[in-house]
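Questions regarding the structure given below will be posed in turn.
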Amino acid sequence: MYAVEVSDHIMIAHSFKGEVFGPAQALHGATFTVAVTFMSETLDANGIVVDIGCAIDVLKATLKTVNYKNLDDIAEFKGVNTTTEWLTRWVFDQFAAAVKANKLGRPANQISAIRVTVGESPNARAWYEAAL
Amino acid sequence: MYAVEVSDHIMIAHSFKGEVFGPAQALHGATFTVAVTFMSETLDANGIVVDIGCAIDVLKATLKTVNYKNLDDIAEFKGVNTTTEWLTRWVFDQFAAAVKANKLGRPANQISAIRVTVGESPNARAWYEAAL
Amino acid sequence: MYAVEVSDHIMIAHSFKGEVFGPAQALHGATFTVAVTFMSETLDANGIVVDIGCAIDVLKATLKTVNYKNLDDIAEFKGVNTTTEWLTRWVFDQFAAAVKANKLGRPANQISAIRVTVGESPNARAWYEAAL
Amino acid sequence: MYAVEVSDHIMIAHSFKGEVFGPAQALHGATFTVAVTFMSETLDANGIVVDIGCAIDVLKATLKTVNYKNLDDIAEFKGVNTTTEWLTRWVFDQFAAAVKANKLGRPANQISAIRVTVGESPNARAWYEAAL
Amino acid sequence: MYAVEVSDHIMIAHSFKGEVFGPAQALHGATFTVAVTFMSETLDANGIVVDIGCAIDVLKATLKTVNYKNLDDIAEFKGVNTTTEWLTRWVFDQFAAAVKANKLGRPANQISAIRVTVGESPNARAWYEAAL
Amino acid sequence: MYAVEVSDHIMIAHSFKGEVFGPAQALHGATFTVAVTFMSETLDANGIVVDIGCAIDVLKATLKTVNYKNLDDIAEFKGVNTTTEWLTRWVFDQFAAAVKANKLGRPANQISAIRVTVGESPNARAWYEAAL
């Protein structure tokens, strides 16, 4: 299995509901590094998994909708805890849609899986990986 | 599959038995970075894989028993080479027990696997991963 | 000149006033890594610049007052832009006071300077350094 | 599953053919970090996956054939785009052969898989993983 | 003294003249990470050293002229060894001019010094620092 | 001022004498990353600060005398606490001697200062810098 990964970051505010979060129930924030990994059984005729330029464009467009925002104020996110784990899935869903819409420069049926890794600090990170 | 990972480090002394280890047969030491990854098919109602606070507590308690020690002097480790690979499994076993004892803030049957990654230098690391 | 440095991190929310900040005028947040460097012309009888344990304790106590907070809500910070640069100075001032109060395990007149480095993302950081 | 990983780096020039590569069609270059991961279901009697010394030797010998070179000039690579993804496979093939030739200090049938990860910049990397 | 630093990277080919360079006399390449640090005795009314947005724009414009190029083919660089050290100075000179041209969002006389750090591999880097 | 820096690492055991060290009074160990920085007002005719190949050779030779050792057993180190700070100075002294012996490929009077940085963990490091 081949994989190629690109990364970027966002700086957001948010708060959590639930005693399990302790002091993180208060409004705080994070610099989240976001890496998206595309997997394929084969390379295409150019010798690549996906067009990295396309992948970076989709990543920038995806992150722009949440960067420099308070996630608590985003209508689409109402009623959910925007945890690091939850964000990995939200980014995954945007990329699964982008693959289906042929925005990665590779036919959708040749991309077998995506992993999204979100780092919140030097000591903690999360990821979500699923087949497409 | 969702995953969440926390990390810490220890500073220990040890020596190895066996010609394969060359100069590392002598008493030397290491700063080991230790990352523990918990995997689950689902997030719980709070939107998390495990309670990171609990995970960090168990990691600190686990590492405290070996930190600032000469591993050659620990009775439990007598007769084994405490290699980086071996340590990944030892830490894994402590966390597998902690999951069973419900110390991670998530029912044991909802944590599907654990991976433990131990870094020994900028150029070498090892990991152990298994289903629970 | 000898130097020793310890580091930790915080996760905070804040907003900025001023057109120069563009989208960062909105409420957003950051994971700030914070490193404090102590400089001395000499080592003490133990062979150290300062007691690292003390340095970590003061760093934790300092950061606890702002960690998991919205800096816009902290009375002491009213009317200022809590930029990365500004934070380096705020942390510096706490440590300059701690040195004077002999909290670092070394006589104040033997610590010649302090540098505080704050990282906001993989691509940007700031520091403040001054003699004591 | 146990894994052990060693890493090194090379500094090479190359160019790509195909509009998808944009400005990277011109002769340019890269510092490639190269990590090779060996996986095994068991540790051997010494408590290791493979002999790290052997792994480093094979990695150095493999990379020496391309380090400080223009990959466009290497006869074996004629007509291919030496992309980051393609290089992961090329390094994998060298190590698959080395395992079969018993150069890793572990019987070939006890090494179940190899992963090769090649980083091209702080923001992009690729890997290839396959069973042996 | 306050400092703020932004970073980016380039991927270039080049060769060196002189026996001291050994195998690096051949055409090879590098991913260079480039960090530019601006120093000032004071923060401005916004609480910043320079406008980071401006700094990133100048850095991107500067690096664009050499990114994805063979430095041996750039007329301006003819007859020089484009070593990591030499590049730190070349980038410094571009930024010294940008400061004089008031492109950093801060009056030139309030920026006291610039440091440019260029990393060529995980094990080697260079920097150039001078007062303005 | 120009600077060029190379780095390597060692894995050693040691213990400290003095209550200030707490649990680190026991025999433990560390992976120390060691970076040596050479500073010069000018580049030589080749466009370099020092010959990096020479710098790496001297670094390897210096570190070989302590790598994979228990520092408590080294006669030269008897009666001293081999703290991270102390090691920065010990490495500095070896390089100051190497510069005087013209082992860096640059006349001694053209190297103005050396800094040695030793990292002991992701959260702590020390350095020593002095003019030659």
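Quick notes on this one:
Per-chain residue numbering starts at 1, and chain names A, B, C, D, E and F are given in the order in which the chains are listed.
Heads up, the rule we're going with is that contacts are C-beta pairs under 8 Å (C-beta built on N, C-alpha and C of every residue); 3 or more make two chains touch, one makes a residue touch a chain.
Worth saying up front: this structure is predicted, and the values here are computed from it rather than measured.
Between chain A and chain D, the superposing rotation on Cα atoms measures out at 120°, rounded to the nearest 5. Chain pairs E-F and B-F differ in how many C-beta pairs they share in contact, with the greater number at B-F.
Per-chain CA centroids place chain B at a distance of 31 Å from chain C.
In this assembly, the C-alpha centroid of chain A lies 27 Å from the C-alpha centroid of chain B. Chain centres here are Cα means. That of chain B falls 41 Å from that of chain E.
Counting partners per residue, chain E has 122-123 as the residues that reach two or more other chains. Remark: chain D residues 9, 11-14, 23-24, 26-33, 67-70, 73, 120-123 touch chain E in the complex. Those residues of chain C that touch chain E in the shared complex are 16, 18, 20-22, 80-86, 88-89, 122-130. Interface residues of chain B, counted against chain A in their complex, comprise 1-8, 43, 46-49, 51-53, 56, 105.
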